[in-house]
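In what follows, a single structure is set out as structure tokens and then discussed.
The first chain written gets the first letter, and so on, giving A, B, C, D, E and F; residue counts start at 1 in each chain.
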């Protein structure tokens, strides 16, 4: 069974894929006919597809985020590959395929990512900081097993958020060793908390964000995390204007660095400066790595990347 | 006794003034001599002054924010008026002068301003909203009697913040009548809460801001007010993700409109849009009014106003 | 007869609508066939529509801005509702329908709006100011009965411009009472004149702007109004460099506040500052009100609004 | 007699100079003593100066913009040359010096500049255009003999405005020959009219701008020139919405190219585009030429130039 | 044979055209059918076209950049003219048509443009400058005969780059005469070298840019030209930090004026300032001229021009 | 002997310091007297100082960048500490003090920094890359022993540039291990070359930049390094358009990321993206560390830091 990023124009193929998007449309003909406008995906990428001559039964059978078995052919439509589906049926239990095999995932198992994050919390020596971090993580622990870090910007896949946190913890450990004036407790806490409210800001399924929550739009994940720190402080009987609360709120609030990027205050502690640049470095390098991974080896240039000044990345032949 | 904005070059005068700023300096002479570099103020304005030949006793006698009696002469120094102080002594009880007479004040008595604010709270029909507003105002009730609304930007005087709120409430009442689709409870709450944490963000005495608090710098008044709403919600057993809490936090968080002006989210409810433009209108027109009030009637142009695109205001002779 | 904003997918319906836009197109078939690409509108909103199998006679019968009777069905096309027209004929006199019932209108009758504006002119106490305002209004009096205030930005409907002026006059009255240092004559004049040349800047029919005039593009409504003030001054024998002319020109020229928003000078009189913020407040709140009015009650969010930082407005459930 | 740009530290000298600025100040000494803070200038440049021990009589004798005879010495004050004046007296008639020899002037005689401009007007073939240009020039003809083109930005000297116009006419002639699709009448008119209201926008004496007029601040030279075109049209019975009036107003209004540079509309005719770039080229190259002229030949770098991205110009040794 | 810019809707025609773009597409029909999506061009303009019912043989016969004979009809598709091709065949030798007649060209023959450039090099009096310019031009001499100056921005046609250089040389000659302080050798060298690496930055055929080279994307034409100057210096035994090399590199590096426009340094020699404004003037006026030339005489407005603030140009009827 | 950052107002002291700046000035007295305006520095910081009553001999004795022995007292001048020097003499050989002890230095010995850089070059496996890096380092090897990385922005001290490179190499090693898709040869080369031309761009003595070179201003260190890569390529017979040269030039040219920050191209290879963010992280964290190091332990806030959005850093008490 061919993965999607290996399908070429003219290929005829049979295989299992995920119905990432599915829309019922009508043709221009008289009378117009129903057809499905589809996005198929697997863990290697995605491709658009059409299924013509939709029956009444089809409309009830097929829904987004289902696994289906398809027989189709790849065509060129407006300079892009597109699948014309000849046959389609829903996957059955005895097909032995599982939804999680068909979405893009972080390269480390979610359970291991969460374990690493918990270990990092355990290493925080200050009890108040540890309690507050634990309280906030507790709010989204289950969602950390599968939520992406963003809709499209970076780490936009299954467990992408936890993966982002774990990689940042690695950089944080290195930087704390290189520059001992940094406080490891604060930096760890900042790394774990900075995006911790994203699972409540976004609505996602299988690592794919479909929308933002009302709270996400009206308050935003930065202040939501800040709210949780207040809630944690009250729960643990720490006055909300104590230095430690200021410090943790400041880390979360300032991590986007500038007002126009969403931070109401700018980094003004050593760890807040470090957090911002660790976040930036991990996000940008992951964009590069993901772009190269999802571009065919034969292509010298990736497609344009919004987060990298709209530039493509070149595979230097050195 | 001449008010400061009536002092002209060459005037010799005796009177009581406030030592708004006082710094000990040394002349360039050999050996250098001590002198005081001073800013005198009263309710009509301020002027710089020098007191030469400072004695050891003087250094212990005079402190900033004291009232003093002065005999002096106004000179021209680098195109600006400057007082040369010939005699100076601290005001005594039997002089019958009071500190509050010497600072710039809102044109309505603080106690009346606070009364109006409390009346407005009382008029909020929704009990949860009323409780939360009451909780937050309770945190700074005493400071509302004298805090300014800003360091220099607008309403920068004694009880300026309460005055700003009261005038905005007036505009809010009008707009709610003109446009009945606006919710008066929410708009009242937004007007009262939008700057409610400023007294904890800034450090002020007699309506004069001397610095920002650590919390003010690291968290900022917008998120501080948002924190208080969370605290109020927990105190009143309202879940922090309830619609009403989102709505109140959104009003506070979005009232600066843009990220580069400090708001982590942009206005997305009708009342949040209204709040922003009411705030803007009151602040800008007050800048104009204050600039005209503190400019001599004979001057056709005020000095430049930072908040008005660095423009001066012209007294049109119509 | 169902208003457009109540039409749902699958609805079959008969009714009268306005042909807001009408374009002849060809299908991709061999040989291609003619069809009409249409935008239908009524006072509640608009919807796109297709009429297939256009005859030679149809091409001569139907023109934009006509009223037609339609039998059709609502379909889903690319996630948007679209009408498939089965039958269409022009409205006849005996159908008893009138064009003005099918366009979006200001909520107050044009004749009443104009009356209010004239009353406000009448209240201007300074005769020169009153004459100049009268002269300029006289140039577009007939067009004020139906012109919108803008193509799409705000008040983009029948008599929208006059409605905008009237609402601003209400705010102006309030603000002059709240802040007596403002000159009511100047503020009234500024409100009436600030957009007075828009009817000559834009080409509109039934409240719908189809284009900008050459003069609108090359000179712009701000300087056109400024020209008219010069013309009025000459007509009334007032030297064009008299204070009153400077003041009126300044109000018009500066009302967009910044150069990048089209104002060659920035507000530098008290009334010019007031005018800008009154204009801003009325325009922004009207955008909110219109967006909520044209969004189905069941929708929690309006669509995105360009003039409000591209944000949608949320109906808070309080 | 040494010109100012040849004076070096330690030089003792006697000569005639202009009192470009003169301020009475007081020293820090007890009691303070009066002294003059002075800017001396001649046609080669300017230098700051001090005259200590001012007498009561001196205060009445010396005024800005007078010619004086000075005996002084050049000292180093805060890394800048400064003259200490030992003796000073007003120039007498029999000294044979004339004010105009002491200000920086355009390199061509004003009378010749004006002659060239009038010749250019004469060459305009379209009578309406010629009449309008003539009308506007007539308003400031006398001031064109000495006004600068700007306060400091470029051509900031005696007759600098007329010189700027004449040089632009030369470039205009060349460009019209190189690109015959340009209309020479319009381009000539645009060049002559684009800054024609500057003498009424600025208040200047001997080519030195001391302030802006009220009209200059409230309306600005761009719209003032636009007003004059309207006035000229009415005088010559040309309707103010005639194509020719649009064209001339458009040239003037758009010549700063962008709203943030003061133009309410952007260039939209061929001649308006040409006018903007001719203006830009002449202004920028004149800044370079003036900076090099007023920098000692031995200095490889000029001082920083605001209008050239705050860069200095290097004398390349080629 | 009708030129493309004279084709109107409903015209039936036969003629020779260039296949500027050719893409194989499939219709929505069941089964889908192949068709060609085409852009036809000649020296007067371009138009989109469709050829339905493509045969297997057609797919092998037709390729982009071929000349073809066509019988077709002009239709209106989405408000734009579009050709429906009824018959198509490749041009044959005995048709007597030549590729160069079908592309837009500079109005002067390439061989004459190159001759003019060589003459200008010959006139450079400094031998080192002349040698370096000669070395760089030698690298792209053949490509100068046909390369455009840009993909779409300006002079985007056959030999557009050489034409741009020649016109700038004319302006340069004029400016050197008007302002003798400019060094003609340096200015000539700057004009010839400023875009000299564009033929290696872009990939073009017949004056049409299809892509950028890897070197163009990773290094850019500005630094590529700078590299060539280094190479030339080494070849001619001139140390790379000699004044003359600095001067020539500076001209090339600074000619875009600002960092955001691609220049790593800003103009800091007189000739570098002149070069930037000559480049700007020639590019902008050429945009205007080309827009007017390719717009039907009956149209008062050209289409929008990206390089001119997205404005259209108006044909003033004077 | 007290280090400068331990000097408090009123302290009388004797010690050796560096004359970092020395200017001869005159007092306002009549007649004016000569005095020295001085900046004293040692490795702990700097302080301004005055030496009154300068003799003719003093003027010849003292020069900037000399070591001197001073007896003085610390006074408060305009709210800043300032030394009044009572006695001063040049340091003698038998004083046993050495210039290098009095300048701020990188915390690692220059010889060790250079050794680490050479080791890194040695580890580059690709011979061409290694040769080119070696060639460029060879040009400034001696200056790498003492040059700062910038005038004030970051690492502005003795051997700051080499220290910056060494710390970036550490981060680079870590990142290459964390993300094996990065090419260590290219990243090492990029880190070593990115600022390699700074010692020729700036003029510095003892780690203190006094000016920029002509080449630094006209070409800039980014293109200078790019020039050296071309020179190295020619020396080693590598064509200048070879992939490896593109790659190395691209690393250097793009490392400031944006045009407005001085990069003519934006990062478009994985290693170029990594280089930019490594550079950013090291520079920003060093600014924080240096600001905290040079602020008294008792101060909760550092002074404002230009490179960190003009914010101060707070010592969180956790």
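Assume a residue touches a chain if its C-beta (ideal position, glycine included) is under 8 Å from a C-beta of that chain, and two chains touch if they have at least 3 such contacts.
The structure presented is a predicted model; accordingly, all values stated were derived computationally and were not measured.
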Could you tell me which chains are in contact with chain D and with chain E alike? C, F
Would you pick out the chains that touch chain B and also touch chain C? A, D
For chain B versus chain F, which are copies of one sequence, does the interface use mostly the same residue numbers on each side, meaning over half shared, or is it different? different
The larger set of C-beta contacts, choosing between A-B and C-E, lies at A-B
Please compute the C-alpha centroid of chain E, do the same for chain F, then give the distance between them in whole Å. 46
Distance between the centres, which are taken as Cα means, of chain F and chain A, whole angstrom: 41
Find every residue in chain B that makes contact with two or more other chains and list them. 28-29, 214, 217-218, 246-247, 258, 268-269, 314
Please classify the inter-chain touch graph. Allowed labels: line, ring, star, complete, other. other
Listing every touching pair of chains gives A-B, A-C, A-E, A-F, B-C, B-D, B-F, C-D, C-E, D-E, D-F, E-F
Tell me, which parts of chain E touch chain F in their complex? 200, 214-215, 217-220, 222-223, 226-227, 230-231, 234, 240-241, 246-247, 249-250, 253, 258-265, 268-269
Quick check: in the complex, which residue numbers of chain C touch chain A? 27-29, 52-53, 75-79, 84, 300, 314
Quick check: in the complex, which residue numbers of chain C touch chain B? 126, 129, 167, 170-171, 174-175, 178-179, 181, 183, 185-186, 243-244, 246-247, 257-258, 266-271, 273-274, 277-278, 280-281, 284-285, 288-289, 292, 308-309, 311-314, 316-318
Okay, in this complex, where on chain D does chain B touch? 23-26, 28-30, 32, 37, 214, 217-218
